[in-house]
Each structure stands twice: as structure tokens, then as C-alpha cells.
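First chain A sits with chain B, and in the next complex the same chain sits with chain C.
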Partner chain A sequence: MDYAVVVIIEVLYAISVLALISAGLAVIFGMMRVINLAHGEFLVLGSYAAIFSNRYGVPIYLAILVAAPLAGAVWGFIVERLIVRWLYGRLINTMLATWGLSLAMMGAFVMIFGNTQTGISAPIAGFTVGAYQINGYNLFIIAMAIVVMAGLYAVMKGTRAGLVARAAMQRPDMAQAFGYNTSQVYMWTFVAGSALAGLAGGILTPIFGAIPSGGANYIAKAFITVITGGASVVSGTLASASILGLVYQIFTFLSTSVVGEIALLIAAVVLLRILPTGITGRFLRNRV
Partner chain B sequence: MKTGREILLTAIVGFIFMFALPLLLSHYTLTVLTAFAILALSLGFVWGYGGILCFGQAAFYGLGGYAFAVAAINTQMPWLGFLAAILIPAIVAALLGAMMFYGRLSDVYMAVVTLVFTLILFKFMNTTAGEAYRIGSARLGGYNGIPGFPTLTKPWNPTDYLYNESLYYFAFLLLIALYLIVRLILKSPFGRALVGIRENELRAELMGYDVRLLKTVAFTIGGAIAGIAGCIFANWAEIITPNMFSLGQSSEIIIWTIVGGAGTLAGPIIGAGVLGYLKIALGENSGLNNFFIMGIVLIAAVLFLPRGIFPTVQSLLSRVSLGRPRQRISRRRRSRAG
Partner chain C sequence: MKLSRRNLLKGSAAAGALAALPPMAIADDVIKVGSIHDLSGIFDIYGKPMDKAVGLVIDEINAGGGLLGMKLEKISYDTQSDMALYTQYAQQLTRQDHVNVVHGGILSASREAIRPTLRKAETLYFYNTQYEGGVCDRNIFCTGVTPAQQSEVLLPAIINKWGKKIYSLAADYNYGQITAKWVQHYAQANGGEIVQTDFFPLDVADFGATITKIQEAKPDIVMSILVGGAHMSFYRQWAAAGMNAKIPMASTTLCVGNEHRVLTPAEGNGIMVAYSWSQERDTTENKAFLEKWQKAFGSTDDLHELAVATYSGMNLWAEGVRKAGSVDRMKVIEALETGISFEGPAGKITIDPPTHHAINDVLLMQVEDQKMKVLEVFPQRPPVDTQAVCDLKKNPDDNQQYEIKI
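This part shows the complex of A and B:
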């Protein structure tokens, strides 16, 4: 019984981590068909923002939940204006340019922070279930994943901004004809996605810490989750994060976490072979 | 230009470079740059002419290296290893390509599959430390890689190793030969059909070409060439590590190709040589981080030189000499589409 609780929490945790690190990328890809390959470095940036603002006296929750997304948003704004906006509609070129950005940011992190791992300790203590120890912060991550996903859904379905954003993505010409500046909409969508990336980086800092090369780990998983999910932002991400997170955690329990990661990657490839346009390309169409 | 004359001309230019370059740089450095050039040639063919953007060309490069080392250790006959370094990446590329092209995956999805495939290999190879992971008498060695395998020898004298100067000339001759082979492939009906697919896949298909098959074959050829590059690298470094599969390696190949000019064959080779040298030179006196510079170069190339340096210079030169711009439609299309 205790073991079952532990397993369930671990599975939920794996799914939540995937959902969190993919959310920002999913917004940018799902809405704008732009793949930001520097997404992983945006998360690392969020981590550094959280760590250093905390070190200079910002309370830890403020550092994680405010400073980190703020850093992501500001940097996303700069990147969109300088690089991404010239490349809309050229998917491959955006991927290449943002890959370059990813390398450059990684190099910059090494030059600024040095090639070492830094971190902050988790603000929530662990507790025990029967004979097992559970990391209390994992529950916080699960809660935050739910909040982020629900928030995304609410914004896109329920607010005027979400409506305009979706309209601008589906029919840019029509949105423009109704007087909305699509270039601005794109910009703010990219900023929102970047803020989500920073937030995810901040939330995950107490678990993974911050290391200059850490982005590569994030981007692979996020990229895979988003592509496997397909074009629908919330439902696609949730569906693929659930499947891939489940596969990962099962194989991690059976063997080691490396086997789990390999199983996750293979599962993604198999899924794409069966559903070439992602899960929401076939199921749950036209959902948010 | 007649095919015969072009081959002759290319060979002459190649030989001039082969003998002129050692005046500038050491044979040791040039050998690894040649391996990079062969690697860039493989992506230049697959991406520039086949229109297949492979984010995981490093996978075949690494497989070539590992296939060579494992076969050479087991048979003690390095030339069998050389064959293995061509065959195994080719077979793997054929399987992966068939899966992607017969599955009709589109651009992004193909990118993710090739990227993931490379990551799987990278992660797997990093965990193969210990006795359990061995192929024949070759231990895969995990993070530390495989050191101490027999390297290539002169075929007529098995104790005379290809080393430093001789390895360089061997590698460069291979580069010239592979360049010519790819040129000939592109002049063949198969090559023309491939370029047709790149320009308009649907039209090629409606004309009766089996797009899936042709792309798979092109991908396989690319894999084989990358495998040869891996074999040269293994002979040069005399050790192979999982880093050959790393994302950094994959990105470098793409950077060389795009900076040199996708859609040409000489461009990627030049890109690999120049940027590869830049990286080595920067590595020696590292004030700036290597990744930082490579990243900036890639961003700048995508934003300002989407056609690559080589085609840009080429069209500038022809504009100067002819007095009017001579642009090929295919090139213009290329830069717009990808």
C-alpha cells in the first residue's frame, strides 16, 4: 500500500516535470509553429535568476515564482525582437537560429557563472509514507504543474487575450483585418512562452540545480513532449507528458533512470511513427 | 561542362589543395579537418540536395567510429574495420530512413526523430561501462570510450601504419574521391530525381518517382559517408568516446554546412575546414567560450547569409565577371524553403 502511494506520487511527479518544462515550448510551437531550440537555456536562465535573486535576499518563493519568469520574459522579449521575428514562417531557419542561440547562451553561462553546478535547497521538508521517504518538494511541483496547465487553459479559453491570440494564429489575415496587430500578438505570445520557461526553470531549481550545459537535457525532453503532443497546447502537452512520463517512471523503477530516459525516447519515436502529426493531430482535435 | 572534364578539373584542384595545405598547417591538424570535411560533405549531400534536414548526422559519424574500433579489435584487421565503418552506418541509416520516409514524417518530426536517435545512442554509449558491455573482445567502455584499437595500415605492408603524414594523404584522397562520387551521383538520373524531390516532392511523386525509396537511398549514402568520416577520426584520435554522438557534434555539422552553403558540395567542405580550424585555434587560447562563438556564427549565418558563404561569394564573383547577376532558381528556392 505504502509502496503504491510512492509509485503514484513518483509517476505524477515525472509527468508534472515533463508538463512544466514543455509548457513554454508548447505555447510557442502550438500557437506560432515556431520551435525554440534555446528553450532549455531559457529554463537554465530562470534557474540562475532564482538562485541569484535568492542569494541577494529575495525570499525563496518570490525568487522561484516571480524573479525566474520575469527573467525569462525579459530575455524572451529581447530574443523575439532581435532574432525570431525575422524568421516567422520559416520553421527550419527558426530552429537553426535558436539552436545557435542555445549554444551561445550555454557558452555565455560558462563564461559568466563558470562550469559548475549551483543550487538552492528545497524549501519544503520531506516526509515519510510507511517505510518510504518522500521529497516534499515533489508535491509542490505536482501542484505547480496543475496550476500552470489550468492557468493556460483558462487564459486561452476564457480571456480576450487568449481569444485574440488564437485568432491571430489561425487566420492572421482576418485578425489583422479586424484591427489586431498580429506582429504584436506574436511578440507577446513568445514572451509568454519564455516566461513559462523561466518559471519552470525556477520551480525545478531546488531539484536539478543550475548548470550551464543543463539546457540540453531540458530541450530534448521538452521538444519530444511537445512534438509528440501535436499542435494543441494544453491537451497535447498533457497527453504526451502523461504517456511519456509514465513510460519513463515505469522503466526507471524496473531498471535505472538512464534506461527510463532511453525508453522515453523510444516511446516518442514509436508514437511519432504511428501518429505522424502528434497525438492531437489525430485525437482531441481543435481543442486548446 | 562535360563530365569528364569536370572530374579532371576537380581532381586537379583537389590535388593542389592537398599539397598546398600542409604548407600552412600541420598534417596532424589537417587530418582531423579532413575528417570534418567528409562529415560536412555527407550532410551537404543529404540536406543540400536531398532536402532532408538531419539533426543527427553525428549518429552515423559515431557509429562509423565505433564500428571501426570494434571490428578492428575483434579481427585485428583494420581494413575490415574500414568496411564495417561504411556498412554499419549505412545499414542503420537505411533502417532509420525507411522508418521516417515510409512513415511520411514531415520536417519537424524528422528533426525530432533524428535528434532523439542521436540522443539515445549518446546516452546508451555513456552507460556501457563495465564487463557486461562487450562485443566480441571489444569493451565499449562507457564514458571513457574505446582506446587502443589497431589503426589502418598500408594494405601492402600490415606493419606500416597510416600515421600523421600518410594518414593525412589517405584522408584527403578519400575526400576527393567521395566528392567526385557524390558529384557523379548527382549527375545520374537518381541524383536529378533527388533534386526534383527537394524542389517539389508532390510533383516528383506524381511523375512516378518513388519518393520514399529515393530519399531512403540518399539518406543511406549520407550515413555511409558520415561513417567514413568517423573512421578517419578514430584513426586520427586513436580513441573513440561517446562524445562523437553528442548534440554539440551534431550542431557543429549543421553549422559547417549552413555557413559554407547548403545546396553546394564545396561549401560545406570549406565551412568544415574553416570553422573546424577556428575551433581548434580558439581552443588553444580560450578567452571566449567556443560554444558562444559557434552559436553567434550560426545565428548570424541564418539571419544574414541564409545561402551560405560559398554561394554568396560565387554569385558575387559571377556578377563581377559577367556584369549581371546569374542566379539559379533552385538556389533561390532553397534559401526560401529552408
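This part shows the complex of A and C:
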């Protein structure tokens, strides 16, 4: 019984991690068709922002939930103005440019923070479920994933800003005809996606720490989750994170994390073979 | 002198003539020491202090009048954590620079990349790193501790202290695989039992499910043979789950790159390790060494086991040259094979003649408030793993790395 509870929490945790690391990429890719290959480094940037603001006296929750996304947003703003805005509609070019950006950011992290792993301790103590001890911070991650996804849905569906953003993505000409500056809309969407990446990096710091090369571990999983999810930002990410997280964690429990990762990749390949446009290409269409 | 075209031509002609002199003609009054380490890239945390240690010994010897009346010159290459560059720079060191000795190599892959080149070029090679043991080659001297030296001390200590059931977590490459076997060997020899060994690729950073599985197996001890930055997350997640208060841990790898300073005291306290050196070892040689390092580089924070082994390796080599009265490779090897010792920061280190490995002091230590507290000193431990398979006195032409069967 207690073992079942532990496994369920771990599965929810795996799903939440996937959803968090993919949310920012999903916003940027799902809405703007820009593939940000520096997404992993944006997460690492959030981690460093959380760690160093915490070291200089910012309370840990503020560091994770405010400093990290703020760093992501500011950096996203700079990157969008300097690089990405010149490349809208040129998928391959954005990939190449952001890949270069990812290498540059990695090098900068090494120069500034040194080539070592740094981190912060989890602010929540572990707790007991029957005979098992569980990382209390896992529950915080699950809660944050729910908050982020619900918040994203609410903004996209319920606010004027979300409506305008969706309109500008679907029919930029019409949005412009209604008097909206699509260039501004793109910019703020990219900033929002970057902030989400920074936030995810901040939230995951007590679990994964920060290391200059750490982005590579995030980008592959985030990318697979977003592509498998398809065009819809919230429902697509949730659907694919749930399937892939479940597969990963079940196989990790049955065998090792290596087998878990293999199972995740196989699941993604099979899903994309059956549903080439992603899960939301067929099901849950026209949802956010 | 005015810089006219004629003067410039004269000058460059002279410079050209100088450059055309054969390198051996200049090499007579200096001894060239090659240093080949990763000074950038993912292994620079290991390589930088090792390269500094080479320089420190050279400066010390030169300040004392040199070796056999000749000055030492350091020729250093940065291999950038790229195994391909090791081969390239090893050839440069032997063919162009004509060095008398090479110190360096960190990962086992890097050592195996340059060992054949140096043997072929008849250039003496010192490998000053903790590694998996078994290299048998008369041209190489290995001054770091091997798994048998560590595990032979560590396992009886933890089994007596904490219990018999051990759960091992190991990095999935040759070091982790071979060390896991040694851990099993010494666990069984001391009445312990390995309930399970899990292997992890170097990029795995999520250990949630593993921590649950460990709890299911209910071991008395967790043994970590994890390597590198991503694996550091394990110690954090272990502590975050509150497990560090429930099941004690030992490691053969934590602290080599000063990882115990990256973990908070709460995360690291109590972890048991065994190496040949600690900043906290209270000997006059060690204190003098720390002061020297502090004076030369401003801080001892980067100093670690491998840098100290390099410092010892350089001194052992210098001792060998003094004893041989020559820098000739065979004469130095024969001098070192008399069993030369060096008393330094890591205690007494002696070359074991039949294996060309080192007889080291091994310290049983526990991490305490980001320091390595010495619990017990095991003086003069021989490299029994390599001794079991390698005898260069009987087979001086042996040239291979033995895989140890258990």
C-alpha cells in the first residue's frame, strides 16, 4: 500500500518535471514555430539566478519563484530583440542561431561560475509514507507544475492578452488589421516563454543543481515532449508529459533509469509514427 | 639601432640561423618536463591543480640550484578534456620538444591514449591519478591509489561500523565497473554482502526512483562509486528525502574533485571515504606543503588528491634522476626500481619495483562540515590489485592493462 503511494508520487513527479521543463519551449515553439535550441541553457540560467540570488540573501522561495523567471525574462527579451526577431518564419535559421547561442551561453557559464556543479538544498524536509522516506520537495514540484499549467491555460483562454497572442499566431495579417502590433506580440510571447524556462530552472535547482553543461540534459526531453504533444500548448504538453513521464518512471522502477529513458524514447517514436503531428494533432484539437 | 630594412634582414637571418640549430644542442643544459593535463573543458577541475603541482615542484627544484646542475623547464599542453588531443600533444612532446619525462593524463582513456606513444618514443611517463589498477608497463609509473588500496581499508571499516548489507551505485564506465567488482570482493572478504549494484551513465541526474528502490532493499550501507557533476544530484536528493539520517553512506569517488565543499554540511556529513591525502592530515610536511601552495597560488581551495599525487610523482622522479646521476631513461627507471621513497604531504610514498605502482599511506576519513576528518591512518599499503597480476622484474617487456578477475 505505502509502496503504491510512493510509486504514484514518483510518477506524478516525473510527469511534473517533464511538464515544467517543456512549458517554456511549448509556448515559444507551439505558438511561434521558433525552435529555441538554447532552451536548456535558459533553464540553467534560471538555476544560477536562483542559486546566486539566494546566496546574496534573497529568501529561497523568492529566489526560485521570482529571481529565476525574472532572469529568464530579461535574457529572453535581449535575445528576442537582438537575434530571434530577425529570423521569424525561418525555422532552420532560428535553430542554427539558437544553437550557437546555446554554445555561447554554456561557455559564458563556465567563465562566470566555473566548471563545477553548484546547488542549493531543498527547503522542504523529507517525510515518511509507511516504511518509505520521500523527498518532500517532490510534492512542491508537482504543485508548481499544476499551478504553471493552470495559469498558462487561464491566461491563454481567459485574458485579452492571451486572445490577442493566439490571434497573432494564427492570422498575423488579421491581427494587424485590427490594429495590433504583431511584432510586439511576438516579443512578449518569447519573453513569457523564456520566463517559464527560467522558472522551471529555478524550481528544479534543489533537485538537479546547476552545471554549465546541464542544458543538454533538459533540451532533449523538453524537445521530445513538445513535439510529441503537438500544436496545443497546454493540453499537448500535459498529454505528452503524462504519457512519457508514466512510461519513464514505470520502467525505471521495474529496471533502471537507463531502461526508463530507452522506454521514453521508444514511446515517443511510436507516438510520432501513429500521430505525426503530435497528440493534439488528432485528439483535443483546437484546444489551448 | 634604427629599424632599417637592412638591419631587419640581418636580424631575421640571425634568428633564422638560431632556429635552425638542432634542438638537442640546446637541450643539454636544461631538463625538459612535459605536463599534459586538461586545463579547460569538463575535467579542468582535476587538471588545473595537477598542472600547478608540476610547476610548483619545478620552481622548488630550480630555486635550489636545479637537478644535476641543470635547470628544469616546464612544457605544458592543455588537452581541453578531449581525448584526441592527448595523442597529438604526446607526439609533439616527444618529437618536437624532446622532453625527458612526461607527467599527466587524468581519465583512464587519456592514459591509454598516450601510453603507447610514450613507450614507443622511449620517454618516461608518470601517471599521477587514482585509477582502476592493472597497468603493467616498464615505461610508466603510477603514483595514485588503486581500488584495492581504497576498498581494502574502507570496506572492513564500514562493515564493522554499520552492518553487512551494502547497496552499490556506480558510474557506468570502466572505472565504475571495475571498482564495483573490488567493492564486492572486499565486502565478501569481510563478511559483508552486496545486495545490489546499479550502474548509471554519467549524465543521469534524477535518482528519485533509485532512492525508493534502495529503501525497498533495506541495506545497512549505501556505497557510492558515482562520478561527475550530474551524479552530484544524488547526494542532494538523498539528503532531501531525509535518507542521510537513516542509512549511512561511503564513497570511493566523493571528494576527489573537492565535491565535499560543493555539498552543504547537512548533505555531506558522515559520508566515509578513503584516500591517500587530506587537507586536514596533521603532519609537518602537509602543513608546510599547504603553506607553499597558499603562497604560490593564493588559495588552497582547489587543491585535491590528484594534485598532491602529481606533487609526489614529480618529486619521486627528481629523486630517481638524482640517484641515477643522469636523465637517461633506462638509468632513471633502474634507479626508481630500487624502491625510491618520498616523504611529503601525503606521508611516505614508495615505488613498488615489480609493478611500478606506489605504496601509499591510506587515510580513512569522514566528511565533516565540508572537511575530510581523518579517522585512522593506514600506513604503507601496497597496490595488491596490480601486484597480483603484474611483475615487471620477471617480465620486463610486459605491456598491457590487466583486467582483474574476481
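Definition applied: the second predicted complex is superposed on the first by the 288 of 288 C-alpha atoms of A that agree within 3 Å, B and C clash if a C-alpha of one lies under 4 Å from a C-alpha of the other, contacts with A are read in each partner's own complex, and residues count from 1 in each chain.
One rule holds for everything that comes next: contacts are C-beta pairs under 8 Å (C-beta built on N, C-alpha and C of every residue); 3 or more make two chains touch, one makes a residue touch a chain.
None of these values were measured; they are calculated from a predicted model.
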Counting only touches as set out at the top, which of chain B and chain C does A:258 meet: first, second, both, neither? both
Let me test your reading of the model: by the given contact rule, A:129 touches which partner, first (chain B), second (chain C), both or neither? neither
Using the touch definition from the top, say if A:93 reaches chain B (first), chain C (second), both or neither. first
Using the superposition on chain A described above, determine whether A:58 touches chain B (first), chain C (second), both, or neither. neither
Tell me which partner A:101 touches in the superposition: chain B (first), chain C (second), both or neither. first
Looking at A:272, would you say it contacts chain B, chain C, both, or neither? Reply first, second, both or neither. first
Just checking: does A:66 make contact with chain B only, chain C only, both, or neither of them? Give me first, second, both or neither. neither
Give one of first, second, both or neither to describe whether A:35 is in contact with chain B, with chain C, with both, or with none. first
Could you give the residue numbers on chain A that contact chain B in one complex and chain C in the other? 216, 256, 258
List the residues on chain C that touch chain A in their complex, please. 41-42, 44-45, 172, 198-201, 203-213, 215-216, 229-230, 232-233, 236-237, 239-243, 246, 257, 259, 262, 264, 266-267
In their shared complex, at which residues does chain A touch chain B? 35, 83, 86-87, 90-93, 95-97, 99-108, 110-111, 216, 220, 223-224, 227, 256, 258, 261-262, 265-266, 268-269, 272-273, 276-278
Touching residues of chain A toward chain C in the complex: what are they? 3, 6-7, 10, 13-14, 17, 114-119, 121-122, 124-128, 131-138, 206-209, 211, 213-214, 216-217, 249, 252-253, 256-258, 260
State the interface residues of chain B toward chain A in the complex, per the touch definition above. 53, 99, 103-109, 111-113, 115-117, 119-120, 123-124, 126-127, 247-248, 251, 254-255, 258, 288-303, 306, 336-338
